[in-house]
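The block underneath contains the structure these notes are about, expressed in structure tokens.
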Amino acid sequence: MGRNIFRRRKMRQESTEGESFSAELGTDLDKNLQDLQVMIGSPGDLVIRRVTLGVNVNAAVAFISGLSNKEAIHNDLIKNMQRNREKEAGSDTPDELLKQMQLDLISIGSVENTNSLDKLTIDLLSGKSVVYVDGAAEVLLLGTEKWETRSIDEPISESLIRGPREGFVENLQTNMMLIRRHIRDPNLRFDTNEVGRRSKKKLVVCYMEGIANPDIIKEVNHRLSSIDMDGAMESGYIEQWIEDSYLSPFPQMDNTERPDKVASSVLQGKVGILLDGSPFALIAPITIANAFKSPEDYYDRWLIGTFLRFIRYIGAFITMFLPALYIALVSYHQGMIPSQLAFSIAATREGVPFPAFVEAIIMGITMELLREAGARLPRTIGQTIGIVGGLVIGEAAVSAGIVSPIMVIVVALTAVASFTIPLYSVAISFRLLRFGFMIAAAVLGLYGIVLVYIMINIHIVNLKSMGVPYSTPFAPTFIKDWKDLVLRGPIPMMNERPRNLQPKDKRSGNLRR
Amino acid sequence: MLLSKKLNLLLLTMSIFLAGCWDRIDIEERGFVIGTALDLADQKSNEDYEVIMTNQFVIPAGLGSITEGSGGQEAFMNISETGTSLFRTNRKFSQLNSQVPFYQHLKVLLISDEVMKQPNLFSDMMDFYIRDHAMRRSIRLVVAEGEARDILNLKPKNVNVPSMYLDDLMENVDRNTSTIKPVHVGEVQELILNEQSYVLPIVKKAGDQAEYGNVVVINGESNQMVGSLDEEETAGLGFVNGHTEGGVLEIQVDDDLIAIEITEIKQNMNIKNRQKDQLRVGISIDIKGNIAEHFGGRSVLKEQYVNKIEKSAEKKVKELVGNTIEEVQGELNTDVLGIGKTLYKFHYDFWQKIKNDWEKGENYFSSAVIDVNANVEIDRVGSNDRIKMSEGG
Amino acid sequence: MKDFKYADEKISSREIMIALPAITVGVGILSLPREIALLTIGVDGWIAILIAGAVITIITWITAKLAASYPGESFLSYASKLVTKPVAILFTITLILQSLLLSAYVIRVIADIAKTYLFDRTPVEVVSLTFLLVVVYAVSGTRAGLFRLNMLFFPIIVLITFALAMFSLGWFEIENYFPIFKTGLMDHLKAAELSSLSFVGFNVLFFYIAIVKDTEKAPKASIYGMLIVVSLYFLIFLVNLGVFGNAVTGNLVYPLIELAKEIEIPGGFFERFDSFFFVIWIMSIFNTVAMSVDVSIYAFQSILNLKKITYLFCVAPIIYIIGMVPEGALEVGKFGTFIGYFGIISSSSIAIILFTISKIKGGRNQPNATK
């Protein structure tokens, strides 16, 4: 179903016509410069520096001041142009002069030529500088991009106890560098695309040639090529455009700030997607099991890793089911509660005016409010809000007789448990589903819970991520993948790549144990 | 396809919401019945018996929590109703009590001996407790001497709710030979279905406390109480069919009193011949025990002396069992020893021939010869040899 | 868009192996121990289960072998080759009917049981309807998805059964098994006949083998699948008898659920394991119904190419109404027995007839039949 929509989008995109400001460059310098100014509306940060070359040949250098490396432009470009008049005079035609400059004079790494005003403008706006020579129909584009960036920092959203402390930044080049430092393999591919009608941002698809299944890469590229929007501020835009089903509560792509996570996923045969300006990389395809995996599982010894995984599965269970179970047991199946506990719950609920469902909803929403408030406020205040709000409201609600103390325990436990899930986007959907379970429990008790559980399973088995069933390796079953599922097998034993991704190269090591 | 899926979803949610909550009763609105007493009402109309059903409701607030005391509130409330069918009687409770009786936490069922003495009344009443799904199969059954509802009014000092007190009381089965393992409703269903004779434990009032011990004997055919066994006979029965888990055996060896704490009882029954009127049954009992108390000054570390103790203990066991057998074969003529069961299980064809003349008619049970063989083994003697030195040891 | 090799509508023989027990194990086993115990003495009923199991396994194998000898062909197409098209259509309709009646019966029983163990006042109609809606939601998804659901739920069912057996050990008395071997031959056969009714469900093989990738492995996988069912039933029966004894088992309406009620989980958060057990068991019942409805769609589409959703919206109300027709436990019981006999007799005879004919014909034009 998601697929159909997706096709429709693609068709829509093909039917649109391109923009019609694509003029070829002329040979007249003044006309060219004027064209440029008209095109981008002569903004204040556009610098045009006129220079005279050789025997009175007019030339100009244009760049955007905030995006370019001024030092390089001064020292390696303009200075060289001005100091080598004799050499320049050797060239007869402007085209020859351009060629000579490119080969002989300019000491900047990346030089291209173009005659398209379109390309020129886009490159200029992404930080390159342009060298015009009067009489030449082409210009030189010099790679002088440089702008202020955040330095590499510890990833805030995914901090680990053990593991590399570096996270992605907003600069695509830096991010690619961070991945390359983990994988120095010639088969590591960075396919560059451009995204956004207006934003024209760079987007890089990163994978291992010879490991990743070509079908997945084809699929990813196909979907990326269908993207048609003005601008992608964050990789979330990309994710939502290319995901399989937008009705699903589950994320069909992983997002991470950690280069090590991208690198290890790429080595397994997955595909990473990096967007310029976003410190969050996307990883696809993923399955439901990914929700419970954290890079740290692999950095600690396998027993610890397995234990942590186990804890997370319990955490997920509690997040989704505990409040619903509380409602079902307290409102419907009181016989299932051990007698003593049943009596004490009954005693604590004696003064509570609401049914268990309303009680649970009140507390559930309070919890979400606190969490959201904590996230919006500056970090230091946010923490205080969480603690103070939680303690004070909980305590006061109990003594005011709005909720029972057991309910507070249930809600607190649920909240804590939801933090154990490493994938934030999955944790949120679990929290959402929790409300569904609560409603079902309020209406049909345990029976309702199990029906909703079945429905979620139905949804999961029909869901796909880049064509890979979301429910693998549980079903379709890949027993060999199970050593990295709930169990995290010892590293030497994990010498095969996940089968569910159908990698071209199945083995990651030849050691047999 | 998209539309229809959405429609599905909509239909589903709507139906659930419209359906809503027939069964929702919050926990504090439930009247937890934790114990029930059944007594016979005085009058009998026609053939049917009128039964007084007394339910003990827990008052949760009265139980008190760890932080705050119960505040002087009672933790229970007994309400009685009279009627012929238990289900209807049970429904009448909602006319008296604001809370609807909720039986899923029912733990103890007390039945007065008067009820037990009526033919088939007991088994008929059991039907309600087995048929209704709310009832647990682990409800403990106990026969009350006298009025059963009086026992639900006892106020022991340490436990707030009499039924819980009774329930805990029945846990202590391995302390005395005269207490038997609690009998569950589930087991009784099996016994009634198999038309087997059985015993049920008795509880009786003793001041503020209740006393749990000894048994009543119920005939399997009429499901009627035919008599009871005293302390010693109950002990003897326990040795034969494993109703008891432990207890104390007091014996006299050369005028010194010795108490043996029984740690393990094993019994084995075998049928030695298949003559209808002269059935020979062998029962062997293996008991392991520790010396728990020893009067006098002899050393219990001497093998000879220990052997002597074992011998006298065996004699004691045989005597106890002999008395019991005499009682059940003679006066009661009810096979609570489990011989019929053994015959059914291991001599099925033979049993088919005699089962109609087992406890009645030809009374093959009474004429069966039962050989008892006991074997007592002393395991440990405790941390002390003797308390005083004396000669002759 | 090209999907992954394993993500398409084809299934593997392993999925058949799981689907078979997932569809077979449902409401039948909940009451099966009672029916067997009533007819037999002591623990002798195990013989009946094994006899019935063996017979059904053989028929299952026949069915699978038959379908597998026409790889990739639908039931209608190979049956037409064997017994002419009108008869083949008749067979298909019989099988569709069987699946629909089974679904109707099951959604009724599930509501009845839920009313006994979970609800007091919630109407049967609502319980059935919500269940049926979830089934409709499942079937409206992909077929491969349904097989994956089997893979997800069936292990849970096996697990909970084993957990039940483990917890029962404390209540287990070997003496309850005696006397042994005292049941008469006729009673054994009668019990075997009754137990065979709980094995209804293998008729899905007629249809689903066509979408199995490794067709040649399918018959073997079906045998394994059926053996899983037999051993599960066998285990459940033995545990039930060991805990309750013959007399009690024979008098409990749903001995398996009562077994869960009898035991107490040591130190557990839950008392009353019966409610919990039944709730988990709903997943298994769900698989039965979902697969039955789906196979009826698959069969129906081979006759008349109707859109899945259209068919589903036509057939779901019919199932619901049929399910609500019987009044009272007795009628539901009769309905169940009827469906059992109808299912077993029709699918067995279709399997045997077609298999025999294919053997006779196959001898003549072997080269054409198999590639």
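A, B and C label the chains in the order they appear, each numbered from 1.
Keep this in mind: a residue touches a chain if its C-beta (ideal position, glycine included) is under 8 Å from a C-beta of that chain, and two chains touch if they have at least 3 such contacts.
Everything numeric here is computed off the predicted structure, so don't read it as measured data.
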item: Overall pattern in which the protein chains touch one another (line/ring/star/complete/other); value: complete
item: Closest chain to the centre of mass proxy, which here is the mean CA position; value: C
item: Mean-CA-position distance for subunit C and subunit A (Å); value: 45
item: Cα-centroid distance, subunit B relative to subunit C, in whole angstrom; value: 42
item: Mean-CA-position distance for subunit B and subunit A (Å); value: 67
item: Multi-chain contact residues (two or more partners), subunit A; value: 332, 335, 337, 339, 444-445, 448
item: Per-residue multi-chain contacts in subunit B, two or more chains; value: 1, 5, 16, 19, 23, 104
item: Touching two or more other chains - residues of subunit C; value: 118-119, 122, 130, 134, 137, 271-272
item: Complex contacts: residues of subunit A adjacent to subunit B; value: 1, 4-5, 330-332, 334-335, 337, 339, 342-350, 352, 355-356, 439-440, 442-445, 448
item: Contacting residues of subunit A [partner subunit C, same complex]; value: 3, 213, 215, 218-219, 222, 332-333, 335-339, 444-451, 454-455, 457-458, 461-462, 464, 467-469, 471, 474-477, 502
item: Complex interface listing, subunit B residues touching subunit C; value: 1, 4-5, 8-9, 11-12, 15-16, 19, 22-23, 104, 133, 136-138, 186, 189-190, 193-194, 344-346, 348-349
item: Subunit C residues within the subunit B interface of the complex; value: 41-42, 116-123, 126, 129-130, 133-134, 136-137, 140, 175, 178-179, 182, 244-245, 247-248, 251, 258, 261-262, 264, 271-272, 274, 309, 313
item: Subunit A partner contacts - residues on subunit C that touch it in the complex; value: 1-7, 12, 14-15, 114, 118-119, 122, 127, 130-131, 134, 137-138, 141-142, 144-153, 268-272, 275-276, 279-280, 282-283, 286
